[in-house]
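Okay, structure first, notes after.
By letter and in written order, the chains are A, B and C; residue numbering begins at 1 in each of them.
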Amino acid sequence: MITRTRRTRFALAAPLVLALAASMTACSSGGGDSEEVTDLTLIAANSPWTEGLKTLAAEYEDETDIKVNLEFYGNEQLNDTLKVKLNAQSSDFDMYGYQVQDVMREFSRNGWLADMTEYVESDAEWNWEDFQQSARDAVTLDDTVYGVPVMTERHVMYYRADLLEAAGIAVPTTLKELDAAAAKLNDPDNGFYGIAMRGAKVPLVTQFSSFLYSYGGDFQDKDGNATVDTPEAKEAYAAYGSLLKNYGPPGATNMGWPEASAIFAQGNAAFYLDADSQAYTFLDPASSAVVDTVAYGAFPAGPAGSHPYSIVPQTVGINEFSTKKDAAWDFIKWVTSEENSKVLLSEETVPSARDSAWADDAATAGFPAGLVEIVRNSEGTVGHDRPQLEKVALAREIVGGPAITAIEGGDVDAVAEKANTDFQTLLDGEQK
Amino acid sequence: MNATTETVAQRTAPPTTPSSPSHRVPASRRRRKRFLLPTLRTVAIVGVVLLFVLPLGWMLMAAFKTNLDIVSPARTFDFTPTLNNFNTVFGAQNFAPFILNSVIVGIGATVIALVLGVPAAYGIARYRIRNATAFVLLARVIPGVSLLIPWYFLFSQVQLVGTYTALILTHIFVTMPLVVAIMVGFFEGLPEELEEAAQIDGSSRVGAFLRVVLPLALPGVATSAILAFIFSWNNFLFALVLSNQDTRTLPVAISNFTSYASVDWGGLMAASVVITIPVMLVALFAQKYVVAGLTAGATKG
Amino acid sequence: MTTTSQTSYLAPKPRRGTGLTTWIDRHLKLVFTAPAIAFVAILIVFPIAYTVFLSFTDSASSVTRPFRFVGLDNYARWLTDFERFWPATGRTAYFTVTALVVELVLGLAIALLLRKTFRGQGLVRVFILLPLVATPVAVGMMWLLIFEPSIGFANVFMKSLGLGPQLWLSGTDTALNTLIFIDVWQWTPMVVLILLAGLSTLPEEPDEAARVDGANAWQRFVHITLPLLMPTIAAAAILRSIDAMKTFDIIYATKGRTGGSNNEAETLNMLAYNESFGNSQYGSAAALLMLFLLFIVIILTALTILRTKGNRA
């Protein structure tokens, strides 16, 4: 009897299911604003910018009577939420923060990001030109602007000034000097390591990129073909891996930035190379034992010079399915104005993407002096820190592999060549 | 099962002293044995409890440490406690509403899961509908990943995203199979003679179920209730997508402590401690029914 | 199983009485079981149908982007993938079986230990529940910190025992086993709870009879308690094996989306999740999920067959 009812139920359900599936694949139209807007919703990942947003949103409500609902998540959770909701063409939220290098290609091709080119060029006073060139390039694809950069980030070298001084070592300016310095300070028997860096396969790719560029290589050439098996790339992999292998903490291949930075924060590493956005952890007495001894240096030069990445980690865009795009743009414009960017920089230490903010000494007062120097001297930096294609996540898994081999002491050349083949296959598949 | 019917028919009264062996043992040795076994038992019980609780003791200590102390092994026991993390949890992160949300969804989901699941388990057990258990378990078997997008789409079509209803419905989906699976095993283990006796005395089948079977099954019901509540409480994936800031539940709120460039370990641990307390209270409350069922079970016969 | 009494008292009886009760009695089977089954059916039909549909396409990036039907290509791709799919299957099987066996044995031992009434037993049960109750995400991060090779407590503990430091979660060979340990720690309490409930409804007469007849504790356990407890043990086993195969939270929190740099902790569920939310390959992920589902169903059927065989014995 159960089977019969199940069969009948299936017969009834099938057409319903097909109808639902059909409606899911149909396009829906976003549009301008049709009615009076009383509230907006923005979802983003926790970051210094979102901290500042909380105060700004309240101010905005006072000024305009528009309530801005803010929902913040961890990075991974935001990614999952976005994928689920946007696949279902949700209009639950109007604006969202995203990581431009990871998802802009994919999201724009999916039709999930609104075209903001007209918006950003509409207001000369707001001044789109004030944003750093590399930041503007980062959010533009095929001459279309998909978001406003709200944070910038560079690869820097954190080091223990006290230890270097005590051992009479000069601050390394080349990767070779870094290797020597780490070797000299390395003391694993006493739980102290020369260097801490990300060693987990996918997270390390972005930090490895600076090594790659400084050795004269890149993930792809200007035609977009895979180039991780060039001699330069192989040397870069070997350099990155050997630093961790010889002078790094145990279990490095399981470390993302939380674990690696914790080792440095605790005072157990002499050098830590990672994004400058983590400086605040080291300056917070509740989280760091190196508050007074941490210093910042520019990324050391490789054979091809010092070419660290300088990227836009957080961008805010408009949901293509939102019905309140104009109102959303007004809010974004207000929050990223010159004035508010300076406020965010000085009070929440949000590394702005605007040149004017960095040029303002009063605004940068809250930033560690050493870092401000590095930001202002961003010659030779590279605007991307990962492969540039739609399937970034998959590509990261592929190009991170040779680094793991290097850390574990295997045959880097062979693995790099295989990685290149796989990467090229992935790129070819994307041309369709 | 046959053993039960046999012995029920044969034996008239339970034995008097359960621990009186029929063979000769000197009194002194008997006394020592009587002392040794309970002590060993206590030691074993304490050991088991410690095994499960100690890591959480670490978490409890971590809730009172600064981030720096948490990642320093030298400061495992030697640290200055701070209430900062709890301040963050209730202040900056404002956890109180999330606790309320989790409680509302948890109770709603558990109650409905019981109302749907317990009778279903009874029907499955008594009428031997094997396939039904398998079908209901299918709900648990489906990986959450394949449910997310279709469900979000469904719920957004009927404007239920961000409501307690959507959360409760999806939580019932995962907790009810649990209730059914546990209770089916339970009901199968209950002899049918009792219901037969009640019906011979004139009760309806429903009445027999409510008045005779349910009280006996109380330990099972309380156990399934506790577990259902716990699973609902800890559910992350569905809440992530189907809740909004007003209905956000605790597991999703935990992600507030991971930021783009920093992880607030202390806050995370403090939040976990806070999250654990309401469930412990629920478990303590439901325990009474489990223990009550113990004594009830001992006197049936 | 008594079969004779079944037909007698379950057969519809002509009764006078309130219309509702009589009607319910006559349709007891349906009234009691239909709501639950309907509930599951309604919520499950669309997702399953949709997943099956997707599995025959090459849908990627967005489900609204144009896709083609590729027939069984996705399935073929996975079944011939010896780099990720089969190792993941092996790991899932290893993880599930090991965790399940340990949890059942340990759970049974602890349940027997806690069976007799004793002072403070309510409190003990609540304490034992704690690993279950603590949020899985937080528990994962807690163990991540504890097992960290250089700053974690675990190696400090090892040192105090005179043993060398281990890589625990960070080591390619040790990660999976460490995860099994965490799983056992977290889920044995659930097995204990279920078994305790089952034990509490066991009749005492057979046990007493056997004791008076001279059987020792072990014999009583094996020949009386264990057979009577079988339905409950089976329930616990089935529930735990389903959940163990789908273990996600602790692996995600400690090893990340890819199951570690060498995919050392990548199980089928993690692989499917990564394929869906990491690589946005919805068609391929759907095929993987169907294969995973098939895998689970096979295991469950095997378990159920074992259980019915055990019941008949």
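Convention: a residue touches a chain if its C-beta (ideal position, glycine included) is under 8 Å from a C-beta of that chain, and two chains touch if they have at least 3 such contacts.
Everything numeric in this text was worked out from a predicted model, so none of it was measured.
Averaging the CA coordinates per chain and comparing them to the mean over all protein CA atoms picks out C as nearest. Seen from the Cα centre of chain C, the chain whose own Cα centre is farthest off is A.
Inter-chain centre distance (chain A to chain B, centres taken as mean C-alpha positions): 40 Å.
The mean-CA centres of chain A and chain C are about 37 angstrom from one another, to the nearest whole unit.
The centroid of the Cα atoms in chain B and the matching centroid in chain C are 14 Å apart.
Along chain C, residues 41, 46, 50, 63, 148, 151, 276-277 each make contact with two or more other chains. Counting partner chains per residue, chain A has residues 6, 20, 24, 80, 87, 262-263, 266 touching two or more of them. Residue positions 71-72, 129, 132, 135, 149, 154, 255 of chain B each touch two or more of the other chains. Looking at the complex, you find that chain A touches chain B at residues 2-3, 6, 20, 23-24, 45-48, 69-75, 77, 80-81, 84-85, 87-88, 90, 92, 257-258, 262-263, 265-266, 275, 277-278, 280-281, 284-289, 313-314.
Considering their complex, residues 6, 9-10, 13-14, 16-17, 20-21, 24-27, 76, 79-80, 83, 86-87, 89, 106, 109-112, 191, 193, 199-202, 249-256, 259, 262-263, 266, 268, 390-391, 393-394, 397, 400, 404 of chain A touch chain C. If you check the complex, the residues on chain C that touch chain B are 1-2, 5-6, 8-10, 15, 17, 21-22, 24-25, 28-29, 31-33, 35-37, 39-41, 43-44, 46-48, 50-51, 63, 110, 113-114, 117-118, 121-122, 124-139, 141-143, 145-146, 148, 151-153, 155-156, 185, 188-190, 193-194, 196-198, 200-206, 208-209, 211-212, 214, 224, 228-229, 231-232, 234-236, 238-239, 242-243, 246, 248-249, 269, 272-273, 276-277, 285-286, 289, 292-293, 296-297, 300, 304.
Those residues of chain B that touch chain C in the shared complex are 1-5, 7-8, 11, 14-15, 18, 22, 41, 44-45, 48-49, 51-53, 55-56, 58-59, 62, 70-73, 76, 116-117, 119-120, 122-124, 126-130, 132, 134-147, 149-151, 154, 169-170, 172-173, 176-178, 180-182, 184-186, 188-193, 195-196, 199, 204-207, 216-217, 219-220, 222-223, 226-227, 230, 233-234, 236, 250-251, 254-255, 265, 268-269, 271-272, 275-276, 279-280, 283-284, 287-288, 290-291, 293-295, 297-298, 300-301. Chain C meets chain A in the complex at residues 41, 45-46, 49-50, 53, 61-65, 144, 148-151, 165, 167-172, 175, 255-258, 260-262, 276-280.
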